[in-house]
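Chain naming follows the written order as A, B, C and D, and within any one chain the residues start at number 1.
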Amino acid sequence: MAGEAGMYNGLDDKMHEECGVFGIYDPEGKKDLVRLTYYALYALQHRGQESAGIAVSDGEKINVHKGMGLVPEVFSKEVLDSLKGKIAVGHVRYSTTGSTNIVNAMPLVVRYRKGSMALCHNGNLVNAFELRKEMEQQGTVFQTTIDSEVIANLIARGSNGIEEAVTQAMYRLKGSYALIIMTDDKLIGLRDPKGIRPLSLGKLDGAYVLASESCAFDTIGADFIRDVEPGEMIVIDENKIESKKVFNDVEKALCIFEFVYFARPDSIIDGSSVHMARLEAGRILAREHPADADLVIGVPDSGTVAAMGFAEESGIPFGIGLIKNRYIGRTFIQPSQVIRQLGVKLKLNALKSAVKGKRLVMVDDSIVRGTTSGQIVQMLKDAGAAEVHVRVSSPPITHSCYFGIDTSTRKELIGAQYSVEEICKHIKADSLGYLSLEGLIKSTGLPRETFCAGCFCGKYCIEVPGEGDKYLFEKC
Amino acid sequence: MAGEAGMYNGLDDKMHEECGVFGIYDPEGKKDLVRLTYYALYALQHRGQESAGIAVSDGEKINVHKGMGLVPEVFSKEVLDSLKGKIAVGHVRYSTTGSTNIVNAMPLVVRYRKGSMALCHNGNLVNAFELRKEMEQQGTVFQTTIDSEVIANLIARGSNGIEEAVTQAMYRLKGSYALIIMTDDKLIGLRDPKGIRPLSLGKLDGAYVLASESCAFDTIGADFIRDVEPGEMIVIDENKIESKKVFNDVEKALCIFEFVYFARPDSIIDGSSVHMARLEAGRILAREHPADADLVIGVPDSGTVAAMGFAEESGIPFGIGLIKNRYIGRTFIQPSQVIRQLGVKLKLNALKSAVKGKRLVMVDDSIVRGTTSGQIVQMLKDAGAAEVHVRVSSPPITHSCYFGIDTSTRKELIGAQYSVEEICKHIKADSLGYLSLEGLIKSTGLPRETFCAGCFCGKYCIEVPGEGDKYLFEKC
Amino acid sequence: MAGEAGMYNGLDDKMHEECGVFGIYDPEGKKDLVRLTYYALYALQHRGQESAGIAVSDGEKINVHKGMGLVPEVFSKEVLDSLKGKIAVGHVRYSTTGSTNIVNAMPLVVRYRKGSMALCHNGNLVNAFELRKEMEQQGTVFQTTIDSEVIANLIARGSNGIEEAVTQAMYRLKGSYALIIMTDDKLIGLRDPKGIRPLSLGKLDGAYVLASESCAFDTIGADFIRDVEPGEMIVIDENKIESKKVFNDVEKALCIFEFVYFARPDSIIDGSSVHMARLEAGRILAREHPADADLVIGVPDSGTVAAMGFAEESGIPFGIGLIKNRYIGRTFIQPSQVIRQLGVKLKLNALKSAVKGKRLVMVDDSIVRGTTSGQIVQMLKDAGAAEVHVRVSSPPITHSCYFGIDTSTRKELIGAQYSVEEICKHIKADSLGYLSLEGLIKSTGLPRETFCAGCFCGKYCIEVPGEGDKYLFEKC
Amino acid sequence: MAGEAGMYNGLDDKMHEECGVFGIYDPEGKKDLVRLTYYALYALQHRGQESAGIAVSDGEKINVHKGMGLVPEVFSKEVLDSLKGKIAVGHVRYSTTGSTNIVNAMPLVVRYRKGSMALCHNGNLVNAFELRKEMEQQGTVFQTTIDSEVIANLIARGSNGIEEAVTQAMYRLKGSYALIIMTDDKLIGLRDPKGIRPLSLGKLDGAYVLASESCAFDTIGADFIRDVEPGEMIVIDENKIESKKVFNDVEKALCIFEFVYFARPDSIIDGSSVHMARLEAGRILAREHPADADLVIGVPDSGTVAAMGFAEESGIPFGIGLIKNRYIGRTFIQPSQVIRQLGVKLKLNALKSAVKGKRLVMVDDSIVRGTTSGQIVQMLKDAGAAEVHVRVSSPPITHSCYFGIDTSTRKELIGAQYSVEEICKHIKADSLGYLSLEGLIKSTGLPRETFCAGCFCGKYCIEVPGEGDKYLFEKC
């Protein structure tokens, strides 16, 4: 998917709605919690570049700072110094919905009858609209368009303590949520009953930490304990850490795209190394779609590891054929009409000396619209490549996803409209091969029933309101 | 009150929690609504310098832009150009509560079951806490600390159309509110049943406008129609403008501080010219507290007009004795410890050539803490003034106010703790005279029963929860 | 001149190229020099709002910080804290030349064979172009368009010590200059042989200070010692303060516009109080051009004092008829085409209650183009004024000035093209009267030979290259 | 050198003073020159992240915009749109000298007797101090600390046309310079007689382009023509392009660090592919210092390619063992004292699943201080690596460089103080091997006499003033 979308929008070219969440509870209050949260969010920056925020509870009240942009852009030394407390939560957000509005930044901090709470959510509720309408009928107002506000309202309606209230809310929520909630004196982590989005638990000396990905633990020197389980609620307070299985009979449905693209390679998700899975995907891809070629190259950065796996398995040498400019940023200015044709050149450059006269295997992690893939194939041929055999380390994306990938309409998905043969023609590749879904699942080393792969097979793990029986409650 | 407080905080040195509101409905949609709102807010800037915001409805959805700072700081040309619609509302806010947080900026835009609405509020609810608690008990969450959020939640609970919902809400609200509400297709203005805060109605060609003060109409070339009446609701839609008296048996209680300090002199409030009232206050002050002096000077800017009235009535020449630096801004840096003694000199300078050897009458509009007044007296004496007779064009502030003036604790109010004689000694004036409340009321030309003067007499127009019978429901 | 120009450009509406300079030498090094300079520049802000800068010498090297904008915008607490030393100089600059470029901001800091120096210049060299060409012929390069760079190059060419080098430079410079130079260990102030621009010397405990106007001394608590004399060089070092008369046979030619408009009223220039001069100008104006009227009002802020003088002398009451919005700033956005007609209303508002039915005398300090004056007259009539008699407290500006007033072309000067009668018609006043040059000079209490009044009479104090004998070396 | 320095300062961790230069002349004036320059600078961003600037000549005058930060931070759409012309030059600058001052940003634009010129310099003059002193003696002032100002002054002194003046200047300059000069109507490129810094010539339709590296041509779609030769001056004007060999008897001395680290891998320098050279360096390194290991990993990004070469040659598999965070930026906040130990973890993370139990070869491009290398070795061992054999694809840096590498003092250079054995112990590697200088030179495929390798051998290509005969005028 590298280079497929958002060419001039960001440091990265993701095309999805993803977030990173983090929380820490330090009962002794001796750590520089806010800086640790800052560094953890920085480690999760790949999950969201649109906005960032940190909320801190000092036991009595919650203070929050959030803003548009990357973590280092949002937080100044002065701001970090001004936030003090024993519990902290943080959030990075990416959104392609166009609602690049500060009002939608997280953590969302609300006051309700039991005190205050801050919410950090990664995921997508499929019944957010329904719940919102239902609560609006009861006279509730909404100030944002984010699911967290719906969740906060549900929790606030709950009876008894926060844990019960959260439990009751979880019974109403449908969709994906890796959620971290901070109250005045508790840190709560929960994962939806399918475990669609990842959430990990770790420890840093006497403090407990929660994070979307384990790479955040490595960055701040914390030890990984385990993944939060689907349907599980973790409650950390001054004296203890407790686990509650809110849903016992869970049927796991981890989003397989975490392995394809979302997660950082140095993270371990539900026991499987993302890097190792991508490497293995490349190996399997080589077996499924061998190619007669001189050099295997990856489309940086996301295709590189699978390319290495492909090379290893095929025996064709691995090499670098494309150089990516590391400095593209949010404010990068688009080419004017006069120089529009520059396109992907502003971001990638073919390494002529490496590809000239070579028959190439070019590996990418996915193809969304196909436009950029075609431009890269052309660039490689212009640089003298004799042949370009495109290999993709995931299956064609044939269906829109409701739980995170922002491939909003089917029309944009080249995999939904055209056959592999047609796509090959379209991008002018000499051959094109996609990894099978079976191969992709196998690459993770996890059982088939672990995953939701709806974007590849159309069978989603959760019934989507308004989509009738199109999205069956079954695995493909 | 000039120079009394906030010396280094702002372009102005007000010590109150005040706001300015504005709304315009242009059924033909031909006007540059957003720029008109921008200029109107700029005309109301004296009512709030902390944050500014504009919301626009294009008939289907409401877009909003708000930020911390002065109107020209918050809005760029790009932002103004990006907001389009047929209805617009705007808000400027001042707050000394320390919650200088963007989340509290207005307009507050919410979605509820009937659509969207934007609220702009000037005033202070005395039962906001109660209402908030009550709604929290029903499971409502609050994201801000502003009264508008309470009001929005009340309205959202209402049955039937927006007008009924607003009416029902008004029955629940206690306190001061000059409120402008924009829905997708209506512009609504309302004023609390006491009319504590001002609100005016005007017309600009085919468009209707609402504003805190009539000076906003002058700035954008609109014609003043009339004040919105206490307890009245004005509803403007595409076809008509309607008035509804929500409360019929109203007992007016306009905040008299609008005449003392809040309002711009070129505004007409409830039929009385603010400038003329201040001039007359000076004249009456001269009669109540004559002085044997050579020159009458005002403390700029707020004491100038009353000084002119004092001079006229007393026959003592009016002159300028203090020069105010016009450039102090939000970011002005406070003196370090080493040069702390500079104090008021950074803002005001005595005009030696004018005051040397003179017996002065120095007129100010009010005294809050007394610190600055003392410094100014000293400055004038250092500049060679033979005598400084301080005259204040309002009575001693003896009571905290719940409806706008942020004299949060009695302890800070020098008028609440000391006698006039003691204050005179404290500020080292040669004599000190305050205008009587009777005189102040007389200066406005309005009947005594028009006003709430609780800060001067301790008898507030509304029962304040938690203050027992201290704040009687009567006029002083 | 208030409102005449730059309506939407600045906090002020000056139409000239003026600057403010300041310097301080604290041999003991115990003062917070940089903050004192910051406050002094803030007191001189009226002389320049485009850019600001402070340079500090710690005895070994010079550090500088400068930027575009007002003093509080350019300097953060962090920056102030980072600058340390025993000598400091500061500058505020205003420019209408369009070269709003940071490269032209002062102080200009250069390294030359004897060390470093920082220059702060207020004035205008008439032979800058010549000197520049001459030095360019010798291979000199120029990086800015400011006169200071020419001066720095001249000084750097000088032989022997800095004092001799400066002296030699002064012999070459033609035009106006109030100049403050800081070397690694000296603070030097000089004023051109005509004394066209003001420069004052003061003392703050053991430290000596130099400033464009004495109001800067009042602000920082320094005592005024005396004006630097025309052609004088003041040299302050660790041990002593020395005066050197570089030109003995000087013929003074202080720019009379300092009294009309440039200087702050609380400054004393060459022994005369600016405020008192403006008041007296109003009195003389009343005698020269009496009017049969009910009320005298000033155009704020610059016409107010003269209006008071006019009222006093004429016996007609003084009042406020126009309210000025205090909040206009650099970033204020101009009206779009649709609402262009708002014009002066965005800045000034007529006080209907005060002017209705009245025959007014409206006093302003000067008229440049006449456009705004016409708008104000109209605004007053729209507000119900029966008659508007315009009185101007200076003569018609008939000639462009080469030493500070940026009335770049004659074409813009209404006073250069039309008779008083025609101007009266153009601005639709009921009558129009300008103060005579004689009256203006008299108002200052200084002898006629003190001033250059070239803009009023066309006879400049210095021969202007390329203007032939049009600008005679004589007084009018 | 990755991770060695500037850990929290920049997007990159270079430790040198390097720049990127670019120029374009479009005689037809139909191209969007400024955007092309913007994209070219963006392609050269790796050569300098401190400041960026673009100057444009419209034939009559030169306009310039420069600022601190990355290219997209310095230029807004508005600024790009405001710059128009037929010739443009651009510059990106990196500096560790601490003089992060806007006054030192390039292009430097000066006016001199023949008109205007803009200079963009990459390199380091060794006689800048001498030349500066000499010119200061003649009365010249300097406003910056950059060599360009010295060069501009030299050129301005030159007689006859610009070409002669530049030629004369080149005879005086000692040191490295890849220089692009724009006058009102000419674009001139020159390279010092040793060719220490690279400079390439290209063509884009009818327009000629000059750039530090050929990757800039690829980005804007221009064709590479050839390298500018040592001692060559290229003059492009409206009608022609001319080459002049200012020095005929040149002895080439290209900085070998361009191949080790500075240049982007997709650039071709003096005929040799940077990427291919690095790959080959890895291969030779494997032969010179083989290791008995399971996996070869590179320190990202700079060690990756050599690691691939090492793997290929040794037959040991290549893999990824370290993940680099892509989002570190200029404003990244350093860890507080409490969490200082995080160190390199904030930027790099070991891939446990890949390195656990493995005997690793860890390849980096260079070692400067050794601190970070030690931290990375430790991180890999903490992640479970059985052994870590460090291989460096360049020789130990034993000498400070005067022409670009900012290894200001010998003390910091671990290679200058310790033996390889001692360094190995210091960084706690299981073995350590550096590529020989011979091997490094061989990797480039260019003859030995092509290079200056003074930092590795102490024999610099140019006599350095004040260093006596220590820096001989010979090749090692």
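In the analysis below, a contact is a pair of C-beta atoms (placed from the backbone, for glycine too) under 8 Å apart; a residue touches a chain by one contact, two chains touch by 3 or more.
Quick caveat: nothing in here was measured; it's all calculated off a predicted structure.
The equivalent interface to C-D, defined as the listed pair sharing over half of its contact pairs by residue number with it, is A-B out of B-C, A-D or A-B. Using the average of C-alpha coordinates as each chain's centre, B ends up farthest from chain D.
With centres defined as mean CA coordinates, chain C is found 36 Å away from chain B. For the pair chain A and chain B, the distance between C-alpha centroids works out to 49 Å.
Computed from the mean C-alpha positions, the centre of chain A lies at a distance of 60 Å from the centre of chain C.
Residue numbers of chain C whose C-beta contacts span two or more other chains: none are found. Of all the residues in chain B, the ones that touch chain A in their complex are 102, 108-113, 133, 136-137, 139-143, 149, 152-153, 156-158. On the side of chain D, the complex with chain A involves touching residues 11-12, 30-32, 35-36, 38-39, 42-43, 45-46, 49, 70-73, 75-77, 80, 215, 218-221, 264-266, 268, 273, 275-276, 301, 304-305, 308, 312, 317-320, 323, 325-333, 335-336, 338-339, 341-342, 345-346, 349-354.
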